[in-house]
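So, here come the structures, one by one.
In the two complexes below, subunit A is the common chain; its partner is subunit B in one and subunit C in the other.
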Partner chain A sequence: MKIETIANMSKNRIPSIGNAQIRLLESLCNASAVSGEEEKVRSIVLEQIRPLVDEIKVDALGNVLAKRFGQEKKRLRVMVTAHMDEVGMMIVADDEEGLFRFETVGGLEVSQLVGKAVWVGKNRVPGVIGAKPIHLVEQDELSQLIKLEALRIDVGPENGKKVKVGDRATFATPFIRLGPSLRAKALDDRVGVATLIELIRQPQPHLDLLAAFTVQEEVGLRGARVAAYTLDPDLAFVIDCTPARDLPDWESGGYHVEKEEIENTQYNTRLGAGPAIYIADHATLSDPRLIRHLVETAEALKIPYQIRQPGGGGTDAGAIHRQRVGVPTVSISVPGRYLHTTASIIRLEDWKNTLALIHAALSLLSPRLLRTER
Partner chain B sequence: MKSLIKKLVETIGPSGYESQIRAVIREEVEPLVDEVRVDNLGNLIARKGGKLPGEVRGQPGVKIMLAAHIDEIGLIASHIDDFGFVRFVPIGGVRPHTCPGGRVRFLNGVEGVIGIERFSIALRSESNNSVPSFEQMYIDVGVSSRKDCSLHVGDMAVFERPFLDMGKRLVSKAMDDRIGTAVLIETLRQFEEQSISSPHQLYFVFSVQEEVGLRGAMTAAFGVDPDLGLAVDVTACGDTPRGGKMEVGLGRGPAIKVRDEGMLADPRLVDWMVETARRARVPYQMEILIGGTTDARSIQLTRAGVPAGCLSIPCRYIHSPSEMVDFGDVQNAVKLLVELLSNPIKFLTCPQS
Partner chain C sequence: MNDLLPLLKDLISEPGLSGYESPVRKLIENAWRPLTDEIHVSRLGSLHALRKGRAPEPRPSLLLTGHMDAIGLMVTSLVDGFIRLVEVGGVDPRVLPGQLVTVHGRKDIPGVIVQPPSYLLPSEVRGVAVPLKYLLVDVGLEPAQVERLVRVGDLVSFAQTPIELGEDYLVGHTLDDRAAVGVITQCLVELQGRSLNWDLWVAATSQEEETFGGAFTSAYQLRPTLAVAIDVTFASGPGSPSHLTFPLGKGFTLGWGPNIHPKFHKAMKDLADRLEIPHKLEPMPELSGTDAYAMQVVAEGVPTMMVGIPLRYMHTPVEMVCLKDITRSGRFLADFAAQLDDKFMEKLSVYPEVVSHED
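Up next, the complex of A and B:
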């Protein structure tokens, strides 16, 4: 069958994103699940997918591993992952009177923490990372970097009794829809989690869908490593959220330089340009066969897509592709601005297209794809 | 052997995109071995010997994995600007100071030269003497606009430099580690020509993605599950003007690795290699490398652990477009490897008390 024919067939079945999906993403984003303590997100995931899958378990590290089997004879075993954890903070010392020292968990820049409202612990005790008011700041302090040791989380003396050393904290940013966009904390990678849940809802008779909702991605791809060992798939797709820095090149001179020098050459991805397909990051060189499959699928179905700029960063693919005898792997991300800060922004359209592309790519998967050597 | 080396170093193969160089190696290796396969990451795995380790002169053989990586460092296009200039990021340990003025060839055949921003960012940087960063460089492929540029974000390139035969010394942009693959292929040829039968089951692994983190050897070693692992790769030299303090130099024989940044070689392997070299009268030198590591690290840490070591080819100017090795060292490496592989290995077949 020609790819166009199949494309037309599967176009009718492309899952959509409506209010129900947005509400699910809202509850996922608002839940606190800093690396190592993913319970709140995990329970939402379990509740959503339990009725849909044939097998389900939570492994020793806390990954949710779920299988939905196809019915056809020769089936590819396809792992699809999204990570449940988010970057955040951990309480490390009690300074009394509701003041707590903390460390960062995962990639967070200290200068972005100052003055932010936070939720501490699974039950979201409200607090703030205190900042010195401008009235009291000395002139020479303004040019100095603020050190983490100088910061405290303040929850007040009364609530201080509900907080203990070891509790995690995250930004207190409620999910909100802004016209074509969604703003929330932890869109990296709750948008992936929500996408994977939708994919599980769609039957794929020609393959076994091995879904992994992973833990501890933000601290070094740890959950995915053991998940891939257990699932031992034929190939893998990783759904994540990657930074978009598609803004004017303010940092290297702004409007004082010539126009041709302003061209932003390091944007990573662009908002609104569709799902971002990975070719290379620090952890993975994506399997070229899977890159080609995604690109051909997107072209055939006229789904917008972009190639993420090769460079740094890493996804769960970094751990999966080198597991056992190797797993052909590729990552696809929803582009998001201001990731790993208080509030990130994605476009609804990019999310829809990401779901559409991965769903179509799965529908069109054939064992032939892996018969040619990488 | 020089024509083999020339062919290997002039074939393109940046990390992750090794299909062209793999095809060349496969053609050389296939007639000389019993089985060839390619794994999920693209490693070429060639078995020499029966399905099980054999026996010679009453001594049992073991399963040995030899690894030389077929990938080379390179560049990836990260942005094509309005004027058709191609921004890039490195693949593997490319050194920025070796780039300006260099020539590159993309997998799709497009050639270009590396230029550097002069009058803008470079001049504004704090020190004009500092080494330029990759962000300040671009590839000029001879077009004036984005629409005339036949490249896309994600296209891969390697450095373009012809093979140089100086007689004793050989120079190429990809000695690391095509010279190791040449040593493995030549070893197989010697086995064939001299009709040597090894007691061992030998897996010649031509590994991928070494330059980005020893990734190919990791999955290959898991699949092969060897009793012993030996990488053949280049190592640095200390014999150049005001060079780093290092014992290894060109022309003094292959180097037996004791340690590098990522691996402590199994001392039993080191002794085995030293004793064999002495017995066979092959010159050798001992290698202690401060920075860098090889596929042997990946092999050593596979599954429950594998005794591993590395036979190194001394090489000057590693990760530059002109990597230099000594042909005598290369020939002696083959000689030593043939000797190592054709006899029983006592420390593995006679367990220590």
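Up next, the complex of A and C:
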């Protein structure tokens, strides 16, 4: 079958993102699931996909592994993953009177913590991370970064007994829609989780969909490693959310308008430019056949896409592609600004196009692809 | 539940940056109108309200002020759909990255303050706290939409919503000094059905965080016999030196220093002691940094006092107060206003004799 024919066929059943999907993403983002304690997101995932899949289990680390089998004879076993966990904090000491010392979990910059509201523990005790009043700050102190040792989570003198050492905390940022954008905490990688749930809703008769909602990505890709072993796929797609650093350079305007425009050339990805296909990051060299397949699919269907600038960072692909005898793997991300902060921003169009591209790429997947030389 | 809580939560849910206090002024006017005999707005935007006394004219008057203006930010330029900022009032830029804000453009737009990656910044601000001029607001809109909706000079306010921490503790932006509006409201409530000898003026002043413009002009217009600035003071908490701070929930402070009339201080302290209301002395060795600084030198001069409400994390969007401190201060000020009689000024008239706060 020609690619155009299949493209036309699959166009008719491209999964769409409407209010129901946005509401699901909202509940996923607002849930707290710091690495190692993913149960709140897991329970939403289980509720959503249980009626759709043929097999489902929660493994020893807490990954949700679900299978939806096709009906055709020779079927590829395709793993698709998104991670459920998010960066956050853990309470490490009780200073009494409702004040607690804490450590960060995952890549979280201390400069993002100061002056923010947080939710602590499973019962979401509200708290804040305050700062010394500016009136009491010495002039030379203003340029110094505030250190983690100086910060406390403060739940107020009355609620101190409701928080225990070991509790996790997240930013208390509610999900909001901003024109063409969505803003929330933990869009990395709840947008991947929501995408994978939509993919499970779409039957793919020619393949076995092996869905893995993974844990502990943010602390070393640990869930994906065992999920890939268990599922033992022929190939894998990883859905994540990658930084868009498409901000203006300080010299390119504002106070420096007279200067020649200086371009930001290290943007990683750009918001609004479509799903980001990975070629190389710190942990993975993507399988070139899968990169080609994604690019050709996008071009055939006129779905916007961008190549993520090769460089640092990493996704669950880093663990998956080295599992067992090796798994051809590629990552594809929704570009997101300000990941690992109180409020990250994605464009709704980028999410729609990411879902459309992965869905089409799965629909057009043939065993021949892996028989070509890498 | 504390009766003041709904009002306080409303007060700290409104903007009202220095010079632009109207959103919060309307709320305060609604709260005070039923509790007072007369109410008006000054030329610089302060709200004044009067509880009439019964003493013969010319009646002395007591003025209680709390400033209603908020610190925040203002738009300085637009770059590729991002917004650059300058501060209104004292803001530590280190609390800003990741802070949720509202941009008051042609309409209110939610935004977030962001710190660009360091490679986009000049080398001298890498590895240090990034100054405000390098920070941006992202409102999630296309650049053309931003250009249409936002202009240089538009205000940007903190969007942190109120947080209740148990029964008695409240967190939010601008509790400095909307907490004092709560104190004054409590005072007016306590005085319902009680008669006063003196006139009692109450004022929600404007522009304290920038120029004290409200306090200077309100005190001039109202010409009080005595004036009390109610403001927040530093509560003990993480990072704050213990010798400069006061515990939350353990009572208000009574200011002491050059901005304070020593005998006025003593009269208040004596009453607080007699009523067994917890309070602490707050040394203010030079200028008080409150409306008392301005009111003292209005016209021929006004005997001035300062009552402080301990507050944690001042000038961040997560300021914290204890509601008990607010209600107790309101009750105390009501008792103070109610006991003022025609002899009271005699207690102050011997100034300048040497007075110590320990007398």
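Note that in this section the second predicted complex is superposed on the first by the 363 of 374 C-alpha atoms of A that agree within 3 Å, B and C clash if a C-alpha of one lies under 4 Å from a C-alpha of the other, contacts with A are read in each partner's own complex, and residues count from 1 in each chain.
Here, contacts are C-beta pairs under 8 Å (C-beta built on N, C-alpha and C of every residue); 3 or more make two chains touch, one makes a residue touch a chain.
None of these values were measured; they are calculated from a predicted model.
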{"item": "Touching partner for A:E373 - first (subunit B), second (subunit C), both, neither", "value": "first"}
{"item": "Which superposed partner A:Q266 touches (first subunit B, second subunit C, both, neither)", "value": "both"}
{"item": "Subunit B versus subunit C as contact partner of A:V327, first or second or both or neither", "value": "first"}
{"item": "Which of subunit B and subunit C A:V114 touches, first, second, both or neither", "value": "second"}
{"item": "Residue contacts with subunit A in the superposition, subunit B compared against subunit C", "value": "C"}
{"item": "Partner chain(s) touched by A:R124 [first = subunit B, second = subunit C, both, neither]", "value": "neither"}
{"item": "First (subunit B), second (subunit C), both or neither touched by A:L285", "value": "first"}
{"item": "Touched partner set for A:I176, first subunit B, second subunit C, both or neither", "value": "second"}
{"item": "Touched partner set for A:I307, first subunit B, second subunit C, both or neither", "value": "first"}
{"item": "Touching both subunit C and subunit B, counted on subunit A across the two superposed complexes", "value": "252-253, 266"}
{"item": "Subunit C contact footprint on subunit A (complex, rising order)", "value": "98-99, 111-112, 114-117, 126-137, 142-146, 150-152, 154-159, 171-173, 176, 178-183, 245, 247-255, 264, 266, 337-338, 341-343, 345"}
{"item": "Subunit B to subunit A touching residues, read off their complex", "value": "15-17, 19, 22, 38-43, 76-79, 81-83, 87, 89, 91, 120-121, 124, 135, 152-154, 209, 212, 215-216, 218-219, 222-223"}
{"item": "Subunit A residues within the subunit B interface of the complex", "value": "252-253, 257, 260-261, 263, 265-266, 279-280, 285, 288, 291, 307, 309-311, 321-328, 370, 373-374"}
{"item": "Residue ranges of subunit C in contact with subunit A within the complex", "value": "76-77, 79-80, 82, 84, 90-100, 109-110, 112, 114-117, 119-122, 127-131, 133-134, 136, 138-142, 145, 160, 163-169, 171, 234, 237-241, 244, 248-249, 289, 312-318, 320"}
